[in-house]
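Chain naming follows the written order as A, B, C and D, and within any one chain the residues start at number 1.
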Amino acid sequence: MSLLTRLLERNLRNSGAGARRLYSNHAEEESSATKHEFADEEFRVLNLRSTSQATQQKRKVFKKEPVQPPRHQKMATDQDWSAVWPGPRTFQPSVVPLPLRQGYTEKGAPPPSKFANAELMKIPNFLHLTPPAIRQQCEALKKFCTPWPKGLETLENCEKRFPIEIKSTDYCHALPTIRNPEARRVTLNIKLSDLKFDAHAKDKFLRLVGDRYNPNTGILTIVADRCPLRKQNYDYAMYLLTACYHESFVTESWESSKSEADMEYYSFERNKSKQSAEAIINWGQPVEEAKKLNADHGFAQSVEQLINEGENVYNLGKYKEEVLKLLNISK
Amino acid sequence: MLRSLCSRLEPQSLICAVTRGMSAYSPHYIEAIFSKKKQLNLKETDEYIKLSHLPIKAAKNDDSESIFYNELVNKMVNYITKGGNKKLARELLTKSFECMKRVQIERMNLNPESKDTIIADPEQLLIKAIENSRPLLQLTAIKRGGVKYQVPIPVTEKRSYFLAMKWLLEAAREKERKVHLPEKLAWEVLDAAYNQGRVVKRKNDLHRQCESNRAYAHYRWS
Amino acid sequence: MEVALRIGVNLLKINRVCVHSASRITDSYAKQIQLNRDFSTEVTVNAAPLAVKKHKVSKAMKAYLERARENDEFMKTQKLEYQIGKRHLANMMGEDAETFTQEDIDNAIAYLFPSGIFDKRARPLMKSPEEVFPARKAAEFDETGRPFHSMFYTGRPNFFKLLYDIVEEMNKIHDLEERMLRRGTRADANQKIDFTGFQWMPKEQLESMLVEQINDLEYTNFTNAMDRLVSLPFSYKCQNFIKKFSKPLLDQTKQLEIPKPQFDADGRQFVTTYECLRKTARGDVTVRMPGTGKITINGHDITYFEELQSREQVLFPLIFAGLLGKVDVEANVEGGGTSGQAGAIRWGIAMSLRSFVDQEMVESMRLAGLLQRDYRRRERKKFGQEGARRKYTWKKR
Amino acid sequence: MLGRHSFKLPRLTNMCVAYSTAAAEASVEQLYNRPKLTSTDYRTAENNTKQHSAVHEGKFYTLSPEQKKQLFSGGGLPRQYEQQIKTFTEACLMVRPTSLELLNYIRNTDFTRPVVRYVLYGENGVGKTLTMAHVLHYGLQNNFVLVHVPWVPNWMKRPKETVNATTQEGFIDLPFDAAAWLVHFKTQNANLLTQLQLKTSKDYVWTKREATPAGSTLLELVEHGIARIKFASETIAALLSELKQHANDDKCKIMVAIDGFNAFFHPETRILGDNKQRITPDRVTLTQPFLDITNYNWKNGVCVLTVDKIGMTEGYMDSYLPRYLLGKEGFEHLDPFVPLHVDNYSDKEFASCIQYYLDRNWIQKTPEGFDEQLKYLSNKNPYTLMRLTRSL
C-alpha cells in the first residue's frame, strides 16, 4: 500500500502540476522558499584594509606538468600485440590496454585499479607469451630444428644409452631477483643395475651412499646444491658418483681382521648355530671329521634370512619348516 | 504505532530468542537419535518426516549401538567419573558388574532349581537397584513466618534417578580402605536390587520423614 | 526542519547514488535488482531538473545531483573501457572478440597474470563495472530534503515497514476470522499452511532485499512475527505474502552428494573418504565391499585401540548399518588422542558406507548423527580464569 | 526406562513394589531370548590328551579337579583363569590347533635323538600358557617327569628375597623362590618319582654336617632343599643335572615346560645387585641349571618353552616374535628350535567359546548379533573376549 502512495507521490511531483503535494501545507512551503532565497545570495565580505590586488597575484602558482594520456588509448583493437610487447617485461599500466584490477579490499569497495598498483608489477606476467606470439615464434624456430637422433626413438633406448638422468628446475617467481636459489639444485638419478660391481664393492657402495639409494625402486639419487652455480653442482654430482664407484672397489687392509661383532651381516658359517645344528645331526655318531654330516643349505639360508632381513611371519614360517626338516620331525 | 508494533512482537520474541551460548552448533541443530529402536518408534509418527529437514548434531563419543550400551549405565559411569578419567570409571563399573555376576552365578550354582528366578545380568541388577532406590518425595526447607519448615515436595523423574545413583555411589564410597570400590558398589547394588540395604533404607527414611511432615505440605503453595 | 535537513545532507554524503537504468540490468544481477526494486527508490537525474528549474535548490541537493551525474558518467566510461579491454584481450589471445565471454576473460587473465595469492578475490581480475562497483541504496528524500518514507527516521525504514506490513496482514486475518466466526464458518483445516520443509528467508538475503543492515535481534523479531502469522488459522489467505519470505528447505540427506564406488584390482567396490577430522585427529578411510569384516587401522587391527569405547565407536556405523562382517575397512589416522582418532574413523566409515546402503538407511544414519562432522573442540583457557569457564576462587580478603 | 506416574502422598511402599516387578518382567524377557545350546558342539568327553586329534579341535575338555590340583597348585594357570574355574565350578581347557600340533610332534618324537626345543610365541592373551597347560596335562598322563616353571619373570621381576650366593662369587640367590619351585616340582612329580625310584649318582655335601649321599632318592634331595631353604638353589642345580643324567640313561622321560623363557635372556632384571644396579639374569643362580636342561645335549626329553613380551621389562616389548624376545644369545642357545605360533581364535573356536560361556551362564545379555559384535570388538583374542564378557 505504502509503495503505491509513494509511486503516486513521485508521479505527482514529476508531473507539471507539481505545486500540489501530498502531506504538505502551503505555509511551510512558503517559509522554506524564503529561506532558500537567503541562502542563494552571495556573501558580502567586509574589506576594511584594501590591499592592492597586484601583490596578491604575485604568489607563484604551482603548475603540474601535463601528463600524457596512457598510450593504450591510441591502440587499435586489432593491432599486433606481439609487436607491442615483444619480450618479458614488468607490467606497465599505460601499455596494457586491459581495465585490470587487483588487491584485497573490504566488502563493498572495488579492488585497486592497475595504475600504481605494485601488486600487479610483482607477479610474473605472460604478456609476451600469448598464444599467437608462441605460434609465431614456433613458426620462426622451425627451420633451425634438426631431426631426432636415430636409435633413441623409444624411452627404453634412451635409458639404455643415457643411464644417468639429471634434473634441475628453472623458476618463474615473484622475487626481486631473477635467480632463484633453488635453481642451482641438481638431482642425479641412476639405476644401480647400470653400474657393474662385485659383491664386496656393491656392499661398500651401498654403505657409502647410505639412504640415497632406494631399495624399492633400485634407483640411486644424488642431490647437489652446495655450489652457487648449477654447472658446478652438476660437476660435483658427477664427481661424487665417480668417486664413490671407484672407492667401493678398494679393499682396506683391516677388513680381513674383523671379528664377528664387527660383521655387517649375519653369516651362518661363522656362527654358533652351525655348530649346534651339526652337533644335533651327528648325535650319537663317533667323531670323525670325514663322515660328519653338514647342515642343510636350506636351513642355513633360512637362519640367515631370519636374522639379516629381520623377523616376520614369513621368515619365521620358513625357518620352522627347515628346522622340522633338519630335526626330522614328522607332523 | 511503532510502540504497538513492538508490544505485539515482544512477548513471543522473549520466549523464542534462543541464546546460542558457546555451542559449536547453530541453535536449530537437534540431538542425534542414535538408537535404532527410538528411530523405529519415531517412524510410526509423522515426526519422522519433519526430521528430514533438520540438521542433526553428531552422536557423542559414548553413544553407540553396541551391546554394552545402556543409557542408565552410561549415566552411572559419568557419575563415577572423577577428573575426566572416564576410562577408569568404566573399568570400575565393569569390575563391579563382574563381581555382581560372579556372586549371582555362584548363587545359581548353589541351588540350581532357582536358576530362573535369580537375575544374573548385572545391567538388569543395576537398573533394578536404581528403580528400587528412587525417591518419590524429598524435603526442602521453606521459610514461612520466620520459621523454617521441612516441606515434602515431589521429585522430578530425572532428579529421582540422579538421587538414586548418587546414593548408591555414596554408599559404595563409604568403605574401609582395604575394600575396593567395585566390590563395595557390587554389594550395594545387589542389596538394593533385592530391596534391602542402606540405600533403600535411606530412601524409606526419607519417605517416612516426608510422611511425618505431610502437615506442612501446604506451605509449598501458600 | 533544519535538523531534518542536516540529517538528510549527512545521509546524502554517505549514500552515493547509484542509478539503475534498465539497460544496466545484466543477467546475473537481474534477480537481485528485481528484489531490490520494491524497496530501493529510483531517482533519475532527468527527473530532478524539472523541479530544480522552478524551485531554489539547497546546496546539499546541488552537490548530490552533481555527484549523481558524475557517477553516471564514470560508470559510462568504465563500461566503455571494459568493452574495449575485452576486445583487446580477445585480440591478444587470438580469439574472436564477438564470442569472447566473461569466462574466457577470466581464463585469459589467469593465464597472463598467474598469481598464487591465497585469497582468490585478491588475484588480478577484469570484470564488468556492474560487478566491480556494487549497487547502493538510492536517495531517500526529495530535493527539498524531505524523506519519502514515513519511517525514514527509524533508520531502517524498509525493515520496520516490513514488520508493519506483517502486523497489518495479521490484523486483516483477525478481522476475517471474526467475521467468519460470526457467520459460523471455521478455517479450512486442509488449507492450513504446513511450514515443515520451509524456513524463513535467511538474514543475509533479507538484508539484500531490504537494502538495509539489520541486527540479530531484529531478524529474530521478523521470524517471530512471521511464525505468528503462519500459526493463525486463516493464514492461508495471505499465502502469497508468506511465500515471498519463505524458502524451501532441502532434504538434508539429499544435500550431501554420495560418491560412486570405484573398483579395485580384485574387482571389489571401494570408496575412500579423505579428510576425516575430529578434534585434532585427521585421517582417511577406505571401505571395501564385499569383505570379510577385516578392519585395519594404521596397519594394525582393531587392537590399535585399547579402550573399549574407541572400539565401539569404530564399529558403531557398521553395526548401525548392519554391515558388520560384510565390508573391509582400512583407515590411516594421525594426530589427536585415541577418542579423537576413533571419532575420525567413525565419521569416515559412516561417510563411506553411504555408497553401499539404500537411501532410507542413509537418512537413518544421518538421524543417528553419524554423518555430521563433530566440530566441537577444546575450549581455550581464558586469562584471569582458572580454566575455560571456571573462575579463580574469590576471597574478599 | 519406566514411566513415572503422577504420585500421591500415601501408599508409597506399594508403588515401589510395582516398579520392581515391572523391571523384573523386562529382564525375564531378555533371559528367554537365548540361543539353544547342544553340548557336543563345544564340549568333548575325551579327557585323555593322548586321544586328542583334529576331531576335537575347538572343543573344551574337562580337567579333573585332582589332576588340576596336582599340576597347577603351585601356579601355571593365569590368575583370572583360576577365577573363571572357580565361578564355572569346573576346569575346562580348549583343544587348540597349536597344542594339537605340538602333541602330535611329541607323540612322534624319536627319544633316542637329542631333545627338541619347541618355542610357543604369540600376541598377548592368545593362550600360550593354556596351550602349555594342555601339553603339561599330556605329560602327566604319559608319565613324563615334569620340570615346569610357571612364570620365570616372577624370579627376575619380583623375587621374594635376594641373597648373595655363597658358593658362586658375584651371583644372586633366590632361596624362597627356589624352595617354592621345589615344592611345586614335588607336588607335580611325587607319585612318579616314588614309582621310578631314581637315585642320586654322587655325594652332595652342603655343609660339614649336612650331605646327601649317593644313592639316596631324588625325593629326598628335593625334601632336603625344601627343608633347608638356604641350599634350595643348589638343590635345583643338582636335581636337574641328576634328572638329565637319568634321562640320558633311559631311566625316565622328562618334559621341560618353562613359561616366559625369554626372561632368562633379559637385557636386565629388576633385581638390584650390591652397588644398587640392576643385574643381568645370568648372575642369578637359578638361571644356569634351567639353561642347561634346555640345551640340546641330552635325550629322552621334550622342551616346551614360551616366549612372552610381558615377560620383558619396559622398553623391550616391541614385538612378540621369538628372535626379538630371546635376543642374540637366547637364539643361539636354542637354535635350532621349532617355533610354534599361537594364534587368536578361529571362527569355529570363537563360536565354541561363546557357547561355552553361555552354557556356564557367563554371558547374560544376548541381544541379536551380540556374538558378531563381540567377535569384532575382541578381534577374536581369547583374553580380550574373556575381559569383554565380564560385564555382559
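The rule we apply is simple: contacts are C-beta pairs under 8 Å (C-beta built on N, C-alpha and C of every residue); 3 or more make two chains touch, one makes a residue touch a chain.
Composition by chain, UniProt nomenclature: C = Small ribosomal subunit protein uS9m; D = Small ribosomal subunit protein mS29.
Since this is a predicted model, take the numbers as computed values, not measurements.
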Worksheet item: Quick one: which chains contact chain B and chain C both?
Response: D
Response to the item:
Max Cα-centre separation from chain D goes to chain C
Worksheet item: More C-beta contacts across C-D or across A-C?
Response: A-C
Worksheet item: So how far apart, in whole Å, are chain C and chain D when each is placed at the average of its C-alpha atoms?
Response: 67
Response to the item:
For the pair chain A and chain C, the C-alpha centroid-to-centroid distance in angstrom is 35
Worksheet item: What is the distance, in whole Å, between the centres of chain A and chain B, each centre taken as the mean of its C-alpha atoms?
Response: 59
Item to complete: Pull out every residue in chain D that's touching 2 or more other chains.
Response: 369, 373, 377
Item to complete: Provide the list of chain B residues touching at least two other chains, using ranges where the numbers run on.
Response: 66, 68
Worksheet entry | Interchain contacts (touch definition) - all pairs | A-C, A-D, B-C, B-D, C-D
Worksheet item: Which positions of chain A touch chain C when the two form their complex?
Response: 1-3, 6, 9-10, 13-14, 18, 24, 28, 32-33, 36-37, 39-40, 72, 75, 77-79, 81, 91, 97-104, 108, 110-111, 119-120, 123-127, 130-132, 135, 174
Fill in: Of chain D, residues touching chain C in the complex
369, 372-373, 375-377, 379, 381, 384, 388
Discussion item. With touch defined as at the start, can you tell me which chain C residues reach chain B in the complex?
Written reply: 151, 154, 160, 163-164, 167, 196-197, 217, 220-221, 223-225, 227-228, 249-253, 307-309, 312-313, 315-316, 319-320, 339, 342-343, 347, 363-364, 366-370, 372-377, 379
Worksheet, complete the sentence: In their shared complex, chain D is touched by residues of chain C numbered 293, 295, 301-303, 308, 311-312, 315, 318-319, 324-325
Worksheet item: In the complex of these two chains, what residues of chain D are touching chain A?
Response: 101, 104-105, 108-110, 112-114, 116, 296-297, 299, 319, 321-324, 331-332, 335-341
